[in-house]
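Next up: some structures, all given as structure tokens.
Below are two complexes that have chain A in common, paired first with chain B and then with chain C.
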Partner chain A sequence: MDSTADPKGKRPLYQEDGLAYARAAAAAASATAAAAPDEEEAKPKPKPSSSSEEAKPEPEAEDQAEMPPLVLVAEDGVEVSISRRAARMSHMLRLLMEDSCADGPIPAPNVHSDILDLVVQYCEKHGPYYDPEASERARNPFPPFPVELTPTVSSIKPVTYVDPDPHGLKDWDKDFISLDNSTLFEVILAANYLNIEDLLDLGTTTVADMMRGKKPEEIREIFEIENDYTPEQEAELRKENAWAFED
Partner chain B sequence: MEIERLPEELLQVVISLTSPQDACRTAAVSRAFRAAADSDVVWSCFLPRDLPRFGRKQLPRSPLSSKKGLFERLAAQPALLPGKLVSMQLDRVTGAKCYTMSARALRVPSWGDTRRSSRWIHIEIDFITGGKRFSEAAQFLGVRRLDISGKIRSKMLSENTAYAAYMVFKLGERLHRLDFPFQEASVSVGGIQQSTRQVCLQACLNEEEDVVAGAPPYHILPSIVGPSTVTPGEDVVLPRRRADGWMEVELGQFYNEECDDREVSISLTEITSNVDKSGLIVRGVELRASTTCE
Partner chain C sequence: MELCSVASIMSLGSLAIQRTHLCSLVFRVLPKLLGFTPNSLKKLCKDVHPPQSETIVGTSPDLTQDILMDIFATLEIPDLIRAGAICPSWHSAYTSLQSLELYKLSQTPCLLYTSESAGDSSAYLYSLSEKRSYRLTLPDPPIRTRCLIGSSHGWLVAVDERSEMHLVNPITCEQIALPSVITIEQVKPIFNDYGFLHKYELSWHTGMRAGYNSPSIFDLDKLRDELHYKAFVFPDTSTGTYMVVLIHNPKRQLSFARVGDNKWTWLPPHDLYEDCTYKDGMLYAVTATGELHAFDFSSGPVVTVEMILQMRNVYDCGYMYVVQAPWGDLLLIWRLCEDHDLEPEPGASVFWNTTKYKIYEFDITRSKLKEIDCLHDHVLFLGHNQSLCLSAEEYPSLKANHVYFTDDNVFWTLRLKNNHRDMGILNLDDNSKEEVVSQIFSNFPAPIWITPDLRKMNVASQVD
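Our next item is the complex of A and B:
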């Protein structure tokens, strides 16, 4: 069956520039610092709990707890530390840790320390339950269109019910993400830079929820956006997609 | 102002999490929003992951310039599948794939040797062009065994979507015995019954505004032997009149889960009574995304 839908993933690619920049800066900082103990022997076997055939060794969660936390440097110079276990949630930091470039201070330009605190708070909360491989597996490259339809009573139910929120983090997330718009967008941008998929998902979903079902004027008001259409252009647009403006 | 700090790709992600209707509305917010809202990234998410193969000439020969254009084309009017027996249309609100099986695509009772009992008749269809098969309906005049069924593979439908099946029909000449006994309608997936109910084809739900004004909830069309005295109970599903003048009756509902390919079977039967049923004209069966559940 031919597929005429382009299977384009909708996740933004992680910033290659940001990673290289952070690596270089971390390497330079490490070189000037006292020689860190050789961690090659400390790098242990792959996680026994993982069911993937990943050959690349990943530090055990328990071992990580003994290793010193990472130090992130915000744009205002303030240093924010993050445990290694929490840092795994950031794809960028994970790669730095694997490459042993995470010993010195890691710059996070364009991220204010207040925002960085929030991001670290999120990672510390979710870190203990985070499994990178499970996250990759669950991360469907072709996410289905979010259709909010409830199944009929008579439909076939799966034999084993999988609790989508086994650690009760949904409520915590809801409180966490109740931020003013300005902070919310800063958190999204920081999550994008550090490549923290779960936090990015939480942020973008929250913004989408704020936009859903709203008229253009309402959206402009919520997000303080200037209307740069002329009245004629706007009328034309509404006519073109008349069905969308029906109610 | 802060939302404008988001790079375009993140704005696209946000919009792709809303809906086709929201995407059209946000295009009217500002030019920057329009660029994101009209992008292929967004509309790729609204289009079904798998589209069926369509018949020749259904989609314009040159590739449509955008995913939004493709969505528009498939949502605005049905597209015929090869063989021209079945057509597909996207539900604008949900992006779900909805199908119409023409009467020729259904299995209808063998009509026996008497020409008077049933035949194919021509009907006026103006919503689909080039569909000779769609312009034919099955007319039943004196069938003892009413057994109409249609099948479709579940992989053709949208995953994780609730569907409702409808039979589109009319009551024509020599109307007889479609009021009682009530017909049995059922839907099964992979051989397991999902929904079963009784319907009364000769009844018709009255318009809501009339009911509010004091009219009864339904009426029953008189047959050739006179008015009907049947009173369908609460659980008997009644047909309603469509905007195009045809009737439709909901045959059943089911939920298409994200799983391997199964056969969805929809049927309408009346095989218990020994009388000849007459006057039914079947145009087809429609499968539409449903937003309510029983």
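Our next item is the complex of A and C:
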């Protein structure tokens, strides 16, 4: 799987678990008993006889707008549909579509339908403009050590002005991500599960922005995080870099 | 890694209760499994038992370790340290990030300065992103008894009262001794009758000419007023070591050493160097006469040097810097101090202020030099630190097309220790200047830019 080649070491394995889970479930959903669920590289039979009303997808289906939407099943059993174009934003769903495993309902077992609705809303908004390669190029937070001064693609010498936000999505994102913290965390977890890099980035940078310049007590209060440390443990912890905790 | 079914995920989860920092699979699978029940439980609890106002009941779902690491990876070091103290799970993400060296490497530079009232071992770190200062305690010898001659990749190069050099990381308090000053070509130790080192002899010869004066004798703490000029620390990927380059007198020659060496290696014959930068085995150094020299460290045991540029415009009232631009060219920068008075009327004081910068872009492969008058979205940090050219997009707290500069004219920083410092932020659009931080602080050692770094060098020749 190409995911293991990810140079940043980010989630090299996780999507395979989720992928396998989805595949195993999709295979199980297909009523064809003859299909032995082979976990190594199971491709469910293309015509599930007693499955949903979806038509058989074409092999290279992901770009076809007229293809039927995918159906995600939330943890509370509610079904949420997502257009194929929007589903491309999720690496996990993209792989399912490429392998033609996306016909039947796709389980999203840890995600509540309200959260799934939000995630789908984000993907539908960004989907039309999504370019997987550009997205990959724009992120490189972990250059190899020692820090090299090699010019990267993103540091191209500035000559002409390029609008960084041609579709006005930044403002929409800002409104979208103003959620209460509990929901924000749920959206981040869902984006992580479905492997939607852009939404995950949006969520994590929002959390990071809320943390900057704040003391630990303030951060705990904002995010409603329980402090499991005893006062002695916490004092010990703060000793090492005491300067960062002073006023 | 083979694909797992749900059943095997469950059994793997129960096996992997022990946390291993480097096992990213555990980070993802285990919290996910544990996250099922407590999550729904917490939601239930919230409805049945309203949280008390005194204690904070965790109602937000737990974020997984890799998500936390994603969040932390964008933080400046002070925020990162504070994030690690929130709760055990956040602390675990912080230590993983640190041990795997995945935290944000593009830290915004800070200003390091000292203050008489804070004591001799304290230094302040002014954060440009938070606009506040932190007070740090540095290892002995006390920082206010030392001269700062360099700052690269989070390391200060400090010269103590025996004129010996050390690398000091003010964040980690790691300190590493550099080869003794007596191994520099022009320096000889002088021992007293009891066999103890008590003075140094400095010969005035350079690579080009024999010293026309006879050697001079200096007290242990006075040699540094004469000899040391500027120092740089460069990580060398090919050898996995750190190289330290020293510009020293007489006449600003070059010597270098790798961290762990026991002596400095002289690089004759040229002199009058002002600044240098290093990449891929090549050291580029500029001189006060507008020359750019390239030293080849990768071509074998002997270092070769060649002059690759002679600039036509050379400025008297100024000094030069060289820095790698992120887009691959070298930037050659003249710092001009047209506003100065070195022979004032009686009662008036001497002063020397930077008025503007002249910036040239040099394409090494094509040997083309071009003056530029705008840095567009980039920022320069100049001074006694290793010169930096940063992209303003990566550093939102910095102002594009500005030069952040500190005083690094040795005449001022060493000879006139109590003078006001020529430092500030210069806007290249109109050459207007503003202060970095308006606070009374000590002028010696002179304030210096530093990019905080949590990494340890872990070299054998460490001393406390």
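A few notes on this one:
Rule of thumb we're sticking to: the second predicted complex is superposed on the first by the 181 of 247 C-alpha atoms of A that agree within 3 Å, B and C clash if a C-alpha of one lies under 4 Å from a C-alpha of the other, contacts with A are read in each partner's own complex, and residues count from 1 in each chain.
Here is the rule we go by: a contact is a pair of C-beta atoms (placed from the backbone, for glycine too) under 8 Å apart; a residue touches a chain by one contact, two chains touch by 3 or more.
Model, not experiment: these values are computed from the prediction.
By the touch criterion stated above, A:Ala244 is placed in contact with chain B and with chain C alike. After overlaying the two complexes on the shared chain, residue contacts for A:Pro231 are found with neither chain B nor chain C. Using the contact criterion defined above for the overlaid structures, shared-chain residue A:Phe185 touches chain B and also reaches chain C.
Contacts of A:Pro166 after superposition on the shared chain: neither chain B nor chain C is touched.
Contact with chain C, but none with chain B, is seen for A:Glu221 once the two complexes are overlaid on the shared chain.
Of the two partner chains placed by the overlay, chain B and chain C both lie in contact with A:Ala208. Touching of chain A by both chain B and chain C, each in its own complex, is seen for residues 4, 10-12, 142-143, 145-147, 149, 151-152, 155-156, 181-182, 185-186, 188-189, 192, 204-205, 207-208, 211-216, 219-220, 223-229, 234, 237-238, 241, 243-245. Within the complex formed with chain A, the residues of chain C that make contact are 1-6, 9, 24-25, 28-29, 32, 35-36, 56-61, 63-64, 66-67, 70-79, 81-88, 90-91, 100-102, 104-105, 125, 129-130, 134-137, 153, 171, 235-237, 279, 324-329, 376-378, 391, 455.
Chain contact summary for the complex, chain A toward chain C: residues 4, 9-14, 16-17, 19-21, 23-24, 39-41, 110, 141-143, 145-149, 151-152, 155-158, 181-182, 185-186, 188-189, 192, 200-201, 204-205, 207-208, 211-216, 219-221, 223-229, 234, 237-238, 241, 243-246.
Contact residues on chain A toward chain B in their complex (touch as defined above): 1-8, 10-12, 142-147, 149-156, 181-182, 185-186, 188-189, 192, 204-205, 207-208, 211-216, 219-220, 223-229, 234, 237-238, 241, 243-245.
Of all residues in chain B, only 1-7, 9-10, 12-22, 24-31, 33-34, 40-41, 44-53, 59, 67, 70, 92, 94-96, 158-162, 189, 192, 194-195, 253-255, 257-258, 289-291, 293-294 touch chain A in the complex they form.
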